[in-house]
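Look for chain A in each of the two complexes below; its partner is chain B in the first and chain C in the second.
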Partner chain A sequence: MLGALAAIPVLIAIAVRVTSGSSSGRGPAFLDQITQNGLFVALTAMVVSTPLFLPLTVGVVAGDTISGEASHGTLRYLLAAPAGRVRLLVVKFVGAAVFCLSAAGSVVLAGILIGAILFPVGPVTLLSGDTVGPVESIGRLALVASYVAVSLLGLSAIGLFISTLTDVPVGAMAATVVLAVTAQVLGALPQLDWLHPWLFTNYWLGFADLLRQPIAWDSFGSNAVLQLGYIVVFGALAYSRFTTKDVLS
Partner chain B sequence: MTAALAAAFAVETRGLTKRFGAHAAVDDVHLAVPRGSVFGFLGPNGSGKTTTIRMLLGLASATAGEIRVLGRDMPHELNTVLPQVGALVEGPAFYPFLSGAANLHRLDTANRYAPGSTRNTRVRDALARVGLGHAEHKKVHAYSLGMKQRLGLANALLSPRELLVLDEPTNGLDPQGTREVRHLVRSLAADGATVFVSSHLLSEIEQICTHVGVMSAGRLVSQGTLDELRSTSDRRVRVVTPDPEAATRVLSGLGMQPVAFSESDLRPGDVESGVTAGLTDSVAPEEVVAALVTAGVRVRGFELVSSTLEERFVELTGEGFDVVQ
Partner chain C sequence: MTRRWIRWLPAIAVPAVIAAGVLIVPLSANAAVDLPAKTPQQVLEMVATTSVDAFSGTVVQTADLGLPELPQIGQTAGSGSNAPGTDSGQTASIAAALEFLTGTHTARVFVDGPTKTRLQVMDSLAERDLVHNGSNVWLYDSAKNAATRVTLPQGDATVPNDGSTTIQTPAEMADRLLASVGPSTTVTVGDNTRVAGRPVYDLVLTPKSADTLVGSVSIGVDSETGLPLQVLVRARGQQSPAFRIAFSDVTLTAPSAGLFDFTPPAGATVTQQALPQSNSATGHATMPAAPPTVTGTGWDTVVSLPAGQGTSTMLDSPMLAQVTTSVSGGRLLSTSLLNVYLSQDGRVFAGAVPLSVLQSAATGR
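And now, the complex of A and B:
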């Protein structure tokens, strides 16, 4: 799955390279800047993959955590080992969190590499108008990756909880992904303004604030607090469900 | 008294009940598995054996009743109890894309009480003990059913255990494998471990078990030593003779109620007729033979027949192929 994620910036870069010259101004943010600076490949790929591709892979991983073990039948052996139910849950969540980080990281890393190969790399003009060198730009991209990774933690907690409800991993994966999409649809409806700050997807594309000088940490902070809230709530739900669950698989 | 009693039993349940909705899968079960015994847990399909085992291992919670495993309360002292318990529950289950050794590594790592320093040795020993040494680096999806079953047994043997809970341990094994499992169970028992074997292969149980419990429709209908279970049913004498009338007269004189062979009593090779009779406590079998010979009855064969475990089992759990509900 990390390979599939890394393929996204590669596809974008190759597509832009092959059709270069037609800077129409359409397409995802930052797309038409790629030809001037390869570092924008990573950013464009992040904008493209945050709404669907990343949640999809995180949904697969988080939805599989407990229900995958149950469907293999290995859950009963892990618990009889004894792994400890709380310990198993924590390990599974940490695993999902590590996946979030490596998923976001591989998109950015592959973007930087392919961008550097196919396009010139130079100083980047930030959204605030300031210019920073390539090294600091890469630092900023790493910050973007960690922002996106943090953004996905809430979804991981939701997936972990859904995974404790069923022995069918595909069901848990699908439900998690559907929730991610639904939350974004709700977030796009202006009539539901009051709900937006509570949606775990609310700050997903807020990483642009990390591209200002000085860095605006507000959205990073609010995002982290929101995701933490989701981890607490769904972690508690997963805990109460899993510690009392009859393992009959 | 309770403390001594608890220590005497490796597994003890009181009023253990598990309901799924209105249906009681396990109903008021009082198990008592003595330490050091090889306990055969019998019952037809759907009689609640596996559900009971799941509760013993803390996988499922009991609706009512108490469970003590190795003298400790389950599931509250699960973390103290389970490291001493090796389990094979409802068939082996492994990650197909990992090798046998890697699977055991993973499960041993999951046991936080298992020392990591001896892990490699213990994994290798367990695999060797079940005869999988040559296949330890093969992926599990390439294993046959019997090999998976062996790997499941190896997992149960990863650490020194005081209690082994083996659910259908010979499932899918070839005759050699079945024999090896029998040897394995005996050697484990000889090392002082208690072995709790669930099975519906009665001959298997008859060969390895010292104690037996029989489940039927969620209830424990009988429990005791193998001999107790057998001896509660009557013993019979079976006399093969060309003089059935004379034999009948002699046996009647001893206070027995002889019955001439019917069609179904004849075995291949029995060209003769004969009689069977229930043996009463007052008459020893050898006295019966002496009386027959004294009376001039020509005896071709004499046999003491106690009902087999199978007969006893069917007696307890009922005939028929339907799953009892």
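And now, the complex of A and C:
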């Protein structure tokens, strides 16, 4: 799956390279700057993959955590060892979190690599119009990757909880991904203003704030707090459900 | 069985704790703030003599004027292809003006003295900047990757604005409002509150006139420095504030000097604008040459524009047709704070007054 994610920036870069330049102002943000600076491949790929591809893979991984073991019939054996259910949950969540980080990291890393191969690399123009050198821009890209990884933690916790509800992993994966899409649809409706700060997708595209000069840390902080809230709530739900569940398979 | 129930406790307790926290935190923030009592006159003096001339902060502007909210997507799609002067350019400029009258906008402000200002309007995945340093003013739009440079004549501190960065700081807006305080206004001091974590005096301006849509204007004045931190405009007959502009955080130290040195990035479209022509050429191209007429004083002032070529074409604009309603003798753009009446002969009447006042102003001549 990491390979599939890494293919996104590669596809974007090759498409831009082959068609050589798009008219400015069309397509996803940062697309028209790729030809001048390869580092923008990573950013464009992030904008493209944040709404669907990343939640899709995270949904698959998080939805598979418990129900996958159950469907393979291995959950019983895992719990037969004196490790305890809480520990299994924590380990499964940490695994999902590591996947979030490596997923976001692989998109950015593949973007930087393919961008550096196909296009010139130079100082990056920030959203504020200021320019920063390549070293600082790679630092900022690393920040963007960590921001997106943090953004996906809430979804992982939801996936973990749904995974404890069922023995059918496909159901848990689908439910998690559907939730991610639903939250984004709700976030696009201005009539539901009051709900927006509570949606775990609310700050997903806020990584743009890391590309301003000076960096606006507010959204990083609010995002972290929001995701932490989701982790705590769904972690508690998953704990309660999993420790009271009759494990038969 | 009891063990099962105990295990479900966290699932119930954690959301309950979070919900309680969410409910209690705003309550404690709004708890009464103890400040030495001051008369309205003393607070006005604080504002007039404020010594803060360097600060940075985040300004949040929320407008709830009863206008339909335009989706953000439409705004960015329109900005991609607008040629000034053409009909789509005109529609885009109307859209840009309307954009700041709906929804919430966030901007960062950096101020160091009267000659160094930087304003950053933060859009989703984009930003619009206004950098003013001495006699140089740069406007930068990251979505179009276009920079505009304006050179101010010596000694002139008024910054031109093409409408794309029309967010003011609460202080600028408060100054403008206080300048117009006259015998038509009652000034009182309301309950002290907190804005951006700082205790503020609440200066309330209430119009005496019954013929205005403005219910009251309250200005949050920082209790330590006298810097206005919030402006809140309430409309008559509307529960939520019609317009609010406030700092969400503010730092009263000079921002780093490097922020005011702007060099347009490589690859950006750079245009140079001369000052005197620019205002009449771009911003007000659609406005007739004749100056607007002002009738009435104080809160029930009506501004009227004579018929011109620009206003009649504006009447046909589909954008405008969408936000206006048909009334007897013309069309009305109605918001909870401001009514704009476009009479059929092309004249425009605007004011913070009910429609009947505008109509009588139109038939009065």
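Here, the second predicted complex is superposed on the first by the 246 of 249 C-alpha atoms of A that agree within 3 Å, B and C clash if a C-alpha of one lies under 4 Å from a C-alpha of the other, contacts with A are read in each partner's own complex, and residues count from 1 in each chain.
Throughout what follows, a contact is a pair of C-beta atoms (placed from the backbone, for glycine too) under 8 Å apart; a residue touches a chain by one contact, two chains touch by 3 or more.
In this text, all values refer to a predicted model and were calculated from it rather than measured experimentally.
S.K.: Let's test your reading of the overlay: on chain A, do chain B and chain C clash or fit side by side?
M.R.: Pair status: fit.
S.K.: For A:Arg17 in the superposed arrangement: first (chain B), second (chain C), both or neither?
M.R.: A:Arg17 contacts neither chain B nor chain C.
S.K.: Is A:Gln33 touching anything from chain B or chain C once the two structures are fitted on A? First, second, both or neither.
M.R.: second
S.K.: Looking only at chain A, is it chain B or chain C that touches more of its residues?
M.R.: C
S.K.: Looking at A:Pro82 after the superposition, I want to know if it touches chain B, chain C, both of them or none. Which is it: first, second, both, neither?
M.R.: In the superposition, A:Pro82 contacts chain B only.
S.K.: After lining up the shared chain so the two structures overlap, which partner does A:Thr244 touch, if you call chain B first and chain C second: first, second, both or neither?
M.R.: both
S.K.: Now for A:Thr74: first (chain B), second (chain C), both, or neither, which partner does it touch?
M.R.: First partner only.
S.K.: Contacts for A:Ala236 in the overlay, against chain B (first) and chain C (second): which applies, first, second, both or neither?
M.R.: It touches chain C, and chain B stays clear.
S.K.: Considering the aligned complexes, could you tell me the closest Cα pair distance between chain B and chain C in angstrom?
M.R.: 7
S.K.: Can you list the residues of chain A that meet both chain B and chain C?
M.R.: 244
S.K.: Using the touch definition up top, name the residues of chain C that touch chain A in the complex.
M.R.: Of all residues in chain C, those touching chain A are 4, 7-11, 13-15, 18, 58, 69, 71, 79-81, 103, 108, 120, 122, 124-127, 129, 131, 138, 140, 142-145, 147, 249, 256, 259, 262-268.
S.K.: Over in the complex, which chain A residues touch chain C? Could you list them?
M.R.: My answer: residues 24-26, 29-30, 32-33, 36, 47, 122-123, 125, 127-131, 190, 205, 208-209, 212-214, 216, 218, 229, 232-233, 236-237, 239-241, 243-244.
S.K.: If you look only at chain B, which of its residues touch chain A in the complex?
M.R.: Listed in rising order, the residues of chain B that touch chain A are 54, 57-61, 78-79, 82-83, 85, 87, 89-91, 93-95, 107-108, 110-112, 114, 155.
S.K.: Enumerate the contact residues on chain A facing chain B in the complex.
M.R.: Of all residues in chain A, those touching chain B are 72-74, 76-84, 87-88, 244, 246-248.
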